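Sharing a structure below in structure tokens format, with a few things to ask.
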């Protein structure tokens, strides 16, 4: 853990996202091409605690850019949340002689990275951490975009397009629950993209009568006989919403919970390209001596922000998109 | 309703299936090219009861061969199950001067067709019915293959392939419920195609310990850390099976119910081609004076069978496929 | 053609792009929801010359958000490039009482719009034009992003992923030509996303020995036995490059020209969402009295720029992406 | 090379096809589960000549059932066509103690297998060969179906569906060349599935005026403004046909050669399932002492035929499918 960067670790942590492999690949390849050694740490922070790692070269990451999931595995680590757990991790970093770590994941991953970095600093040492945002929820405060979001959107709209085929044939109402416990990005993008009758998101308090009942009524009056309601899991349960629609409108909706399907699949071009660029920039940051950064997209550009400042940032949900949804779907079919 | 075929109706009934549009298109085009007029009856048998129909020409069915669902809409008709309901339908057929009807759907659709045909016969008249099997469950006794099954298989394996990405990354067990209340074709084909650890189907009594617990154990002993269990809805609820796996093995499975997604989507080449061929043969049958037939695939060929005999046939589930599953997945990863 | 906006036209022109339908839909729906009438002008500018148009309401644009191509058809109009042709177009606009036109297409489309607007102004009248950038080449100077680019990227990487399967099995070199006569965006994004051995783009002078021969050699030395060369059509012909590779390296590449496949297909989530937002903003601009604008994405935001200024802008190709490509693929397999 | 089967080899040869991996997996897994050792021979028959092989266990074939291409690589072997080359191969078989070989490929592969088997027999020994038909052309005389055909059909119709989007928008004619040097199965299935205006196949002598010019004319008269012509490579070059259409009809077609894209991609459910079943049956045949067989589908069933007899069989092209094409597309849009 010295000044010049000779050897780095790379890990994926938290929920997996399509494009994580592309990010790992970019980190390893960029490092190797700069003469920096690279160690793959497996199963998130647990890998540092359990001595679960593997040296990587350029060929270790061949044939993975088009694969979903993460070849390094991922996990949430409770042990790492304790100082004792992190102490074991620090020992592993020392043993391996790591100068820095690229941690690919979401806010939780980055908070872990910061805690580790501080604990190392308290010991008078330095371990440079760089975060790369990857989560299908797009809910990392400092970055406009997170790896995996685009693939999840495309997976969800493909599923909803299929649902619409059968809903239209049977003239039914469909309620679809997409991922997003704290964030409605996925639900809103999907809703706009499929021409949903109604979209419920955690960022906007739900008025069931205005946001669901009235929307379905207006669609029916325009001649439409099928309706698509998209719900972010953080805005309510699709099953409950289906029941309430049945109670209030006397129609019998079909409920689908897309679930973990949204997490998998070959990453889209956007996710592969963004992940490649972010992984590349992560190594650039480390190599140029900038540690404790998060690689973000800001105003369409890839930048690196101070990790602590970045973690304090919150993203303002752009309500204009909700107006786009309303302007393009209210009182009409899809 | 005379001897020579001048005008026919076409309808889709029961649950929709990808390829129904291709079948409708083939019926209309083949009829028109033989100088037979064609009336589209909408919303299944209800269309005959409610005077809900539309004349069709070759252009009416352009741009639909690649679309899921059915442009004629579909519904289950309770009214049609009564003699009074069918009497109304007969009146519509007389009004329209229909010589025959092509009914696209499953066993229930064909039983309706037969009841209608008999009621007409009791009145000393003739209305020629031809059935075309279309259901994603592949559960029509007389036909090896039903339109929509292949697309549903492909949709399901694409979903399960995505699930596997994330299950593998998190080293988890996944339980997936696919459609099939009475038939395990979909579950077994999907299970073989994704290398499932275990597959539960209604045709084979489930011994939970042998068929699930032991399969997962053997996979674990072979070094695998993720497991895919595929369940036909008729063989049990995925949620219940997930709970039981948790109780007996202490692992925490993720449950996904694929649901109506399996019904939609652009039909596969096989479903488009089969539907085109079956729709073509249905009109050939009618035009050549063979009524009350079901168009079936038997031993790889398209044939037409007497409707009554065909409805009495049952399909023997080919257990060899279950042995293929066991031989290729037991004691191994996917 | 007065001050207050009561009736607008919408058209698609030039090469089609996936998402054009979503843009048309957003224009029509937003207009209708603001009480503005909307006329669909067909076959690009020709529609104004040939009186080829259709009134549109909310239902006119149902079921199109997920469809490739453009329901309004598109064409290149030579007549419109002459003052006489535009005079006919102006007469149609007067006849229809159009206050503005939303023109969806590329630079050529916008130059046509500007010429029309000026010719109207010379007559002391006003016709407000708003451009919406849609082209798979992403080669509109004023906008970071153009509708259709993302879908084309995804289509291309899906094709190249398939090519790679067979190239890998046969240990062959593949040369793939993607669209982009003047711009290498598509080629470079695709190249990064598939881990191409070499990428040739018009923005960077090609040194065949350095950019192709040496890249393949380095890949071979790293143990790789298949190579993927991606060529933008503006940087050379894939057939010629294939021949030259054969001459200089003695291997026998397989050449694929992806061609018009890249233009079609159901638009991706990103293209549907962007098109919806841009179509919405186009109508906002017109309704708020801002004419002669192009709706652009700048730094991740949707803005409207003065059409004349926007047309004068050129986009600087970001060579950092080329470095990302080199850092992640040099001396390695995909 | 004795009586009881203890160790077998498996190889893929000739052009690759999606599903070859699933077949290899089924062979290895079924063998291992029956206590038979399995050796993977790489790069087709060349592997036997060049000592290029690898022992395989159940885990060797994990994660490949959903992958296109072949993990064993494939090649055409000129050396193997000579007695000297085969003598080297026989020596390798003796060294390895192989009792049998499962050869996955097309007619050429099986003729190689038969030649090898005979040469061994001349030496008073036995080497049991079992062939598994895998080629996207579906041109193996003894088997109704060959692994890979279904995936290739689906790939081709997805491409043509995309082409149609842009052809429809521009009101153009499209000429698409699909694979099939000697066989028109792919072209005809694709043509039926996309509603092609015209399909040219090697099995049916082409009368250009009747089969192309007149078909386009009839489509135009029905109101259609875009036309799709599908050509099997064995029935003529798409470029030439495009030129001739231009000469005779004055329209300017766009030509696309799908090429090797058709060979790749994740195998469809049908190809995975069929490959699993055929691979399983191949090992059953060997284990039960039936050598020199080809595993075929006949009348919808999987059977094993004597290799020599099977190689003498020819498949009669079912012209009924051409009539289905004509009945469903003549004088109409897609």
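Labels A, B, C and D are assigned to the chains in the order they are written; within every chain, residues are numbered from 1.
As a convention for this text, a contact is a pair of C-beta atoms (placed from the backbone, for glycine too) under 8 Å apart; a residue touches a chain by one contact, two chains touch by 3 or more.
Predicted, not measured: the structure shown is a model, and the values here were computed from it.
Residue contact pairs shared with A-B exceed half only for one pair among C-D, A-C or B-D, and that pair is C-D.
Between the Cα centres of subunit B and subunit D there is a gap of 28 Å.
Per-chain Cα centroids separate subunit B from subunit C by 40 Å. Annotation for subunit D: residues 161 touch two or more other chains.
Taken together, the touching pairs link the chains into one ring where each has two partners. Across the interface of their complex, subunit A is touched by residues 25-26, 29-30, 33-34, 58-59, 61-63, 65-66, 144, 150, 153-154, 156-157, 161, 189-190, 192-195, 222-224, 266, 268-270, 272-273, 276-277, 279-280, 297-301, 320-321, 323-324, 326-334 of subunit C.
The part of subunit A that touches subunit B in the complex is made up of residues 12, 16, 18, 20, 43, 67-70, 73-75, 155, 159, 161-171, 174, 254-257, 259-261, 263-265.
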